[in-house]
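Should a chain be cited, it is by its letter among A, B, C and D, assigned in written order, with residues numbered from 1 in that chain.
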Amino acid sequence: MPWTKVFLAKEDLACFGPGEGLRGLTFVQALLEAQTQILENDPSAFVIGEGVNDSGGVFGSTLGLADRFGPKRVMDMPIAENGLTGIAAGAAAAGMRPIFVHMRMDFLPMCMDQIVNHAAKWHYMSGGALTVPLVIRSIIGRGWGSAAQHSQGLHSLFLSVPGLKIIAPSTPYDAKGLLMEAAADNNPVLVVEHRWLYGSVGYVPEAPYREPFGKALVRRPGRDCTVVAISQMVYEAMRAAADLEAQGVSVEVVDPRSLKPLDTETILASVRRTGRLVVADVACPMGGAASEIMAAVLETDPGLLAAPAVRVSFPEAPTPCSPVLEEAYYPGARHIAGAVKKTLGLSDHG
Amino acid sequence: MPWTKVFLAKEDLACFGPGEGLRGLTFVQALLEAQTQILENDPSAFVIGEGVNDSGGVFGSTLGLADRFGPKRVMDMPIAENGLTGIAAGAAAAGMRPIFVHMRMDFLPMCMDQIVNHAAKWHYMSGGALTVPLVIRSIIGRGWGSAAQHSQGLHSLFLSVPGLKIIAPSTPYDAKGLLMEAAADNNPVLVVEHRWLYGSVGYVPEAPYREPFGKALVRRPGRDCTVVAISQMVYEAMRAAADLEAQGVSVEVVDPRSLKPLDTETILASVRRTGRLVVADVACPMGGAASEIMAAVLETDPGLLAAPAVRVSFPEAPTPCSPVLEEAYYPGARHIAGAVKKTLGLSDHG
Amino acid sequence: MSTSSDCAPASPAPSRDVLRGLLETMLFIRLFEEKIVAVYPDQDMKCPVHLCIGQEAVAAGVIAHLRPGDYLTSTHRNHGHCLAKGVDPGILLAEFFGRASGCCRGKGGSMHPMSPEHGILGTSAIVGGGIPHGVGHALAAFLRGQDAISAVFFGDGASEEGSFHESLNFAALKGLPVVFVCENNHYATNSPLGARQPNPDVHRRAQGYGIPAERLDGNDVEAVYAAAGRAAAHARAGLGPYFLECVTYRWKGHVGPDCDYEKGCRPKDELFDWMERCPVKRFQSRIEDAGIMDAAGTQAMIAAISARLDAAVAWARGEKYPDAAEAVLGVYAPAEV
Amino acid sequence: MSTSSDCAPASPAPSRDVLRGLLETMLFIRLFEEKIVAVYPDQDMKCPVHLCIGQEAVAAGVIAHLRPGDYLTSTHRNHGHCLAKGVDPGILLAEFFGRASGCCRGKGGSMHPMSPEHGILGTSAIVGGGIPHGVGHALAAFLRGQDAISAVFFGDGASEEGSFHESLNFAALKGLPVVFVCENNHYATNSPLGARQPNPDVHRRAQGYGIPAERLDGNDVEAVYAAAGRAAAHARAGLGPYFLECVTYRWKGHVGPDCDYEKGCRPKDELFDWMERCPVKRFQSRIEDAGIMDAAGTQAMIAAISARLDAAVAWARGEKYPDAAEAVLGVYAPAEV
């Protein structure tokens, strides 16, 4: 399946070749194509967010949409995240299908009330008659001293909220397919996009398509240890797996793709095969998807594991600015490899 | 230790008798006494919140404080939770020690930005020079049709936030001791208070005292299964333990008391003894303290458990209004007992 | 009272039918709330109720200008708005009694009624939470090129929330068809306005966004009707939002069927002064004096409403509770709704 | 320009020393920012920088009235405010270069400087996030009976956030000693004000709370100095908050050292028009013309500042990076600080 393949380098894409009818796109191109097709096909859809119509186009992900669809379909907005989320939710309840874009996930705490107390609960509170089909795109920043307020992975804040769905695409194929599914969903959907994924490449069909939520994918099969990797961590895990293969360790990489609903079945099936578990997330450690995945194992059968599980995450600290501190802050392939070795009782040297 | 005892009925308190120098108080009286002594002893402390000075006094927990300490120490406020949290945080950074009171925990999403992006990060972002000693009291409601926006246990939203502390007292002794510790702490501390605890009784020393964070307590020793119970669930767990004792099942009830920091050591020591685990929380299931506790077991030694762990929590749904639905919604002693039996492979009937 | 609207179109004097209608709506709301006061001690209406007795003129006067396709957004104190917009009292009461035939199938209760066919797309009890929703409804109408307008009711307390400011700014920016209606009843729970705002003229805030705004006697249904006529015409003509601050007073405690002055929540004299200015009584004498209705007519009106409400209570109480299993169902909307 | 303040006390004409000081502060800020432009391509200042070139008169004119014990709150665009308040340029640059001797030990960077001894208790880069903090500082002073005032700087964009509204309401309610300073530079990132607000007069919002408010030419440092004198005196006299909207313009892109008109972010002519109205050049000629300084004097001033800044850059670059282990330390404050 070319769609599910993770490409660690742009060059690898060529191995399929354009002759086979496969088309390579970057993650950000896939996001843009998804939104273009959503706007083309659904007159009730509109895109709203700070700078969605400017020359940067939210890191390119909305570039050209305003020119093509006009200011009523692609709307700049005042800097008022909570109010505008409420306005978007109100428009959604009245039949529109807004896509709300945040340049940084860090701005989501501004609109927690409208997401948690309103959009997510509206369908239930109304006894089922009302729906709030609202897509909230949010981007995790990293690097160049983005620091504490411009680099957070905050999906953990939302896991406990019934009525909300959360997706975290890692490949261009999923960026398009999951976003189109989100736009078609009748519930509020939070999209977690890591900025470092924007340049990654993969094969993406041109025609519209939707990837269902709640289906994890085995990105790379392996025997010795399961690494569940979320968002940008998928790439780090693939790198770690490649490195470890050279050392005779076979790693299975599972990408949940959606965090809520969470496909624990696929994860558990993998753990059942490997007997070992590492979970890697782009978020601080406590109370997040990583702990949720571990809880699922403990609730199903702790005996599945031959060794303690290991979590790879941001540390229990805000993000620092200095490049030296940033470097120390972020976990990557090396840490995942170390964690895998730990589950196998192998020394981390060599 | 009379202080650590959980009393299921007011009458039980008498068995110690006033002659022994022990003084019984309700949970709400303990909160009030703590705040009185904080205001007496620290001129930089002040209490702020909607209705803190009115005749209801936040369910009695601030009653009389305004008369005694005046409007500069006990301040009503506009309905503007985010702004006022920022104002309180700014006052705290400038040397004051505010206690911010929310009648319902449901209002916390309004001020997530100031809690998550500001108060919790300020010490770190400043390289250690600044502190934000801010106490945030918040009350979980339940019953009489409080419904989706007035009954949430939202501590899960905060678990992943570095720089924040979270406490959940269950007894009057802890209500006073942990709140006084919170007021003395140099970090923002979120206090989770369940409304149904307000009438519960226990022995409380009159002199000021502080209970350290991060120390779980075994509320009741037992051999067969560990029940980690949070906030009001401590009472449900104690009831379940009493019922199960009659059926020959010995339950150990552990009360974490603080969720961040979380005393996993005491919990793991208990699980090591019993080999079985149930976690009960007053919150929706995903991404919360219950999953975090389970993750701790899986990361330490999955072999500690002889059977899968079981979570008892609110369902994955907002709170309904109708009494029939509320009744079905809330878990209690019966569910905890059922969960314990499940870990023991016992039938839930009889 | 003061106005900052230069461009308010003059509205024609209301017809006798309209006046009778206003009285009927006010009486309907008053008697509905009093019915709740009467049944509440039975303890089978197990949800918090925020009664609007004393504030009926605002709902009646404003909503008389709304059409079926118009939107309405309210708050925890919503009964009057729902009734005036045409929601069946039985369906509301069934909801408050937690019955399956309630407008939210028992999931919402008194704080969260909804009725899409009346343009009520859910109700928030988060103070200020509903204001942006109402603006969002107007945005939807605007984007679709519909001529529906959106009436957004909220209290003086809600005007302190950031969402109020953000909503006004956006509505004014886009020229959305919104009628903002602030029911300034001088209190938020037990906090007097003076403890929360530096100046009591909420409508002056709206002027900062260039929104035409009026402050008016919210206990005078004719004044409300006239001002709301200007507001609705303005919004419907595509001239953008309009703001009404209706000064009024609630008679009961913040929540529940009791008076709260005994609990020291506010001065008894203040309450009694306002009760003297009862919007219903006042208007009833006005139209009786004007010969539009006679005492017998109003008595008949009251009797008819009472009978309807008695029947609604009886019906609601007779309805089934939802199945307990429903508690955890309906969290996510299916693909097709 | 317009003013709504009836009670603004007249301030005495600034002395020659004050005028020279204003020029020096503006030059200092301008040259500091230009130094960043010069070193940024070396790629060793690894953090986003939001330069205030073009807006120097606001920082200089307002902060000239602040005393050491007064509080100052800023935003992502804070360099000018920090320098004017007296923060050492080397300590700032060390922070931007990620060094351990930076004001936040390398943890904050350009967006989050702090300097408690200058009353700068941290800086938020969340738009609108700092405004309530500044009000909180004033609240602390008020509660302690100190006569410190709090100057709160923010952009036109920040005035759209709910926190702006909530902060103004509270400051006015309690009569807190706050000087709100909105630097209206017509843009928030690349969004022009007209795409975000229905009317461009941000100060009119403040009037809705009864806060005296002025809109003034933020490129005229004497006008800013005079207005800020009124504002600071008002706040210090215990008369409550005061609001200044300073109309100005930034020359560089929203973030980074480049001009952004080439990227199509805004019309070139608009930028060039505003560059004609350079606050520094304009004032320099003004005081040279008035004979307060001569060209040689200003050149000497520039040379001295440049030398100091060169030394500061060299010093900062020579400083040590923090220990990598620090990344995860200092999350929680200890019991004793």
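Criterion: contacts are C-beta pairs under 8 Å (C-beta built on N, C-alpha and C of every residue); 3 or more make two chains touch, one makes a residue touch a chain.
What you are looking at is a predicted structure, and each value in this text was computed from that prediction instead of being measured.
Chemist: Look at interface A-C and say which pair in A-D, B-D or B-C is its repeat, using the rule that over half of the contact pairs are identical by residue number.
Modeler: Selected pair, repeating A-C: B-D.
Chemist: Centre-to-centre on C-alpha atoms, which chain is most distant from chain B?
Modeler: Comparing chain centres, D lies farthest from chain B.
Chemist: Using mean CA coordinates as chain centres, what's the gap between chain A and chain D in Å?
Modeler: Each chain reduced to its C-alpha mean, chain A and chain D end up 37 Å apart.
Chemist: I'd like the Å distance between the centres of chain C and chain D, where a centre is the mean of that chain's Cα atoms.
Modeler: 45
Chemist: Send over the residues of chain B in touch with two or more other chains.
Modeler: In chain B, residues 77-78, 80, 82-83, 106, 110, 113, 117, 124-125, 147-149, 162-163, 315-318, 320 touch at least two other chains, as defined above.
Chemist: Send over the residues of chain D in touch with two or more other chains.
Modeler: If we look for residues of chain D contacting two or more partner chains, we find 102, 104, 106-108, 112, 124, 126, 129, 160-163, 165-166, 169, 173, 196-197, 331.
Chemist: Which of the residues in chain B come into contact with chain D in the complex?
Modeler: For this pair, the touching residues of chain B are 46, 72, 77-78, 80, 82-96, 113-114, 117-118, 122-131, 133, 162-163, 165, 184-187.
Chemist: Spell out the part of chain C that touches chain D in their complex, as residue ranges.
Modeler: Those in contact with chain D are residues 160-166, 169, 172-173, 175, 196-199, 204-211.
Chemist: Taking the complex as given, what residues does chain D use to touch chain B?
Modeler: For this pair, the touching residues of chain D are 71, 73, 102-108, 112, 114, 116, 121-122, 124, 126, 129, 131-137, 139-141, 143-144, 162-163, 165-167, 169-170, 173, 330-335, 337.
Chemist: Report the residues of chain D in contact with chain A in the complex, numbered from low to high.
Modeler: 46-48, 95, 98-99, 102, 104, 106-112, 124-129, 157-158, 160-162, 188-191, 195-197, 263-265, 321-322, 324-329, 331
Chemist: Please give the residue numbers of chain B that touch chain C in the complex, ascending.
Modeler: My answer: residues 50-51, 54-56, 76-83, 106-107, 110, 144-150, 315-318, 320-329.
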